[in-house]
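The chains carry the letters A, B, C, D and E, assigned in the order they are written, with residues numbered from 1 in each.
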């Protein structure tokens, strides 16, 4: 194999240093982080109630479920033209693509989680007089916190993985934009640097998420041997 | 106890479950009513359909034919007027002991109460159930009997008009159980509640109820309705009287016969 | 004895025209070559595949001066000049009517492509600093065109055939200029490169590729109408013939003899070096290979005497 | 029953659980042993640590101090020699009734048996438990008592050397329970098993065991060890004898005192 | 908005018909279907045991979990250079990209599912003498079937969404290749046709999957009121 195609770790490190000091790598990271976070947040905000709706109301499920399964299979790249036409090339356009990706990854996990809630808890809540909304807020939401966290973790990965596509919409800065500019000029070191930065940021976010999630589901009786 | 207003009525109720091996007839044309202030116990062999009947009164399932009426109207769903204590407890694992008890109080249906009033109710039941020192614990840290008591507290805390209970004391030792009996009678005596209790302890049934329904083996019918003539409030000493033990023995005997029938049927393997 | 070769290409007239003509006229077979043609979407994957050994030779566009300058592949054959294929379109109703109006505006294009190289040359020629005075919005070309048509940007530097949707869907848009204005001082050439080890060991094959190409090229230059009709029906069924003709006129072709002169006198090397300089400047390529090293005119000149 | 070889030994065992409110001392310096062929019952107030002790013998948890030994070696984990019947049953919801019973037989540890032999065992327990007509049903279609019987069948089917049972008959009516008693004694009598049983029914404990351990309230110690002198095999008529009832009353009384202590402690709220 | 940028349904239908009859749309669909199925299958085959491993063995989890979270965030597009260089441009290369995408989407769902198995079942199995392998095969696997199906559904969506990227690797046929070829000519009708085909195929697969899954988890006690 041609060794020239894979930059050595040292070369990537050099590139890291020079981009950090001269090319504003931090700005790129920050921009991308902001976008992913915004997309993720909006995606989860939509996925939780919609996951509930389709997990809960059979008629809604029958109607929405196929729609969701159709749209979540569409490549985010395919959205770009639509997004450009309707939303232009600003920040919103990129966030919408990330939103799209995280929403669809999360909603299906949420929905399946809802379906696995033991019916006895819902029954108990009903006999205590809980309304549908109260059952949602006080039973479904806490019971699906573990699933929500799974959904969030899935969405997190998908979000970062979609970043490059999102930043195809005319991003000037950001890790995805950096990778694309670098690929246009076959600058492998920067490409790999960008990839590593994405992986590292995602990893950090995931670690943070797991710390939070351990707190939130401390009530769970987990298997450990 | 005087004759009083009919509240819940099982009117020619039948129930069939759909199973992979075909329909399973569980309840056959059963009729009985629960009057205001009644304490009715259902006893009968395991698997005869007691939980099924309770679920109908609670509003979770509907009979295949016949009707279950509350004040003359068919029951269409669960409601806070009918507090249910489930055989599997259904203690919320994500809430602490005190949050579990307060759950119903914090619902809209629980009505408006001051935080102080709620706290008092919670504290009272924590103490009555012997769970005070576990108020901040999650259910996974409780023993089986403690979970059962927690479920009881949660049901009592909302003060439902009807209390429907499915083997609510099964996981308790004799003494705790006896204390729970006292508590139940106290709560009822004080507030005139109507109770439907499923139990395997004939002694418990006789001690607590004004009426015991002996249910037959599947497909179940009412084998016998035994009126319990002892006046409320009742004392523990009642259990040592000859009348009490005679009644108990009679019902015991009745259930025994039922069991034999169930046995025979199961061995024949004709139900499914 | 026939040699099997794997040929990667991009599906655009300036890149695969001669290749398909040679195929339909049986010229590859005449040279005892059995090529397997593999289509790629972008020059990036094309060069990656060649470096990885999946293809032996490739035919591509302006990236010809980029990847080989990084030591990936040797250029040995030129197809044509991207003459008017790269164009700059603007929306006069968005306040851009002249080159000077571009200052401070966003211009969409795909970085590293013919269009980008042209834009850079053109801006400099009009006294505009491509790095400071304007903002380049890097997008894939379909997205860049979409952004332009939906007026998210006032200008786009594109290559044919993307001028056609612009003309159809943005009737008010105006073409401000194309690459032909900078010819012959500067030119962007398309052509063929071979994998390094293939170049080292199989110069005989490269020679036969050139021979097949020469036949097709001279036929194409001599009978453009016939050749285009043939290409349209066999290779571009979804492109209307007039569109294809327009593409044809946007590229500058020479007979093989004419090319030989430009190989021999260093013109081609100079053109390639100009584009390489652009890449070196834009992408900070360190210790780049100069065109004189990665472009070898000798094989062509052995086949076609200047 | 003769004195025989010591098998399981609780040696000065203490157990503390970590709770958010600090450590909770559940078992304090408890020692007792289980000999070959013993049938030992543990009775004591709810939450006193019975399940905790059983879990130690099963090998799921280790004492904070002291040791639980099997044939002199510390128990490090669960094993098929010790069959456990859990308070929550743990019936596998994805398996049918017959598959649940056959689960242990199909494991490597279950040894080699022909398909025919396995089927015979399964059929036998299906019948003994009165579940024959539900062999193809999933647990979600069973009543509470049927699930408990299914868990019993699954435990018995693998014929473990030790049977550790946590309130195994709590969800059964009196008659089914009595049949289960007979079955258990039969199985034991036939095969010389060693049993550790947790129960809330003093009657059950006296009827089945050769030794009853009365456990005190938390932090629990052994309050009393009562030897039950009745020879095996035992008959139902035993329960009507004066000796039986005297023993029963004595133990009952003992447990009662324990309960009062637990009560006082819970009210004081000093445990947590 | 410029209507010229969105082809009418009728136009797309016409394109559908002409590509079906003349341009071998069926071949494209079949090629893509094959690739997605292969990637999905391999992805699940790897995700199930690895999800088990990290859900089960704490030391493995500590080591593998960060790796997984790093790699699953990497954009599939970023893999293309590596794949081309090391695996060439054949069918394998495309399938590997789809495998990558589905594996990482599935493994996290699997793993979280494993973590939510009630410990009592594992304890029961242990007391009946089950070995680690038997617990895996006879308890973990059936208990995680619902999660496996969720994982599969998530992976299915992600797989189709990655198709376009996978077919950047010199695909001659396939829906992704069709979309890309059409982009080179700004042939919007074909682009949208391709997108719709992807959505429709994904939807069909999802429907089939749900039918199967209803069978497989009929033992589950589900909430319906």
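Side notes on the structure shown:
Methods note: a contact is a pair of C-beta atoms (placed from the backbone, for glycine too) under 8 Å apart; a residue touches a chain by one contact, two chains touch by 3 or more.
Treat the numbers as computed from the prediction; the structure is a model and nothing was measured.
The minimal number of chain-to-chain contact steps leading from subunit C to subunit D is 2. Between subunit C and subunit E, the least number of touching-chain steps is 1.
Shared contact partners of subunit A and subunit D, listed by label: B, E. Fitting subunit B to subunit D on Cα positions gives a rotation angle of 180°, stated in steps of 5.
Computed centre separation for the pair subunit A/subunit B is 48 angstrom, with centres defined by C-alpha atoms.
Measuring from the averaged C-alpha position of subunit A to that of subunit C gives a distance of 39 Å. Computed centre separation for the pair subunit A/subunit E is 16 angstrom, with centres defined by C-alpha atoms. Contacts with at least two other chains are made by residues 44, 48, 51-53, 140, 142, 146, 150 of subunit C. Shared interface positions of subunit A, defined as residues touching 2 or more other chains, are 1-2, 5, 81, 85, 220-221.
In subunit B, the residues that reach two or more other chains under the touch definition are 60, 77, 88.
This structure has the following touching chain pairs: A-B, A-C, A-E, B-D, C-E, D-E.
Residue ranges of subunit E in contact with subunit C, taken from their complex: 1-2, 4-5, 80-81, 84-86, 88-90, 168-170, 172, 180-181, 183-187, 190-191.
Those residues of subunit A that touch subunit E in the complex are listed here as 1-2, 5-6, 58, 66, 69-78, 81-82, 85-86, 101, 104-105, 108-109, 112, 115-119, 122, 146-147, 149-150, 153-154, 156-158, 160-165, 176, 179, 188, 191, 194-195, 198-203, 206-207, 220-225. Residues of subunit E touching subunit D in their complex: 120-121, 123-131, 134, 138-139, 142-143, 145, 217-221. By the touch criterion stated above, subunit B contacts subunit D in their complex at residues 17, 19-21, 43-47, 50-51, 87-88, 127, 130-134, 136-137, 141-146, 148-149, 166-167, 170-177, 179, 200-202, 252, 255-256, 258-260, 262-263, 265-267, 269-272.
Interface residues of subunit C, counted against subunit E in their complex, comprise 8, 11-12, 38-42, 44-45, 48-49, 51-55, 140-142, 145-146, 149-150, 161-162, 164-165, 168-170, 238-239.
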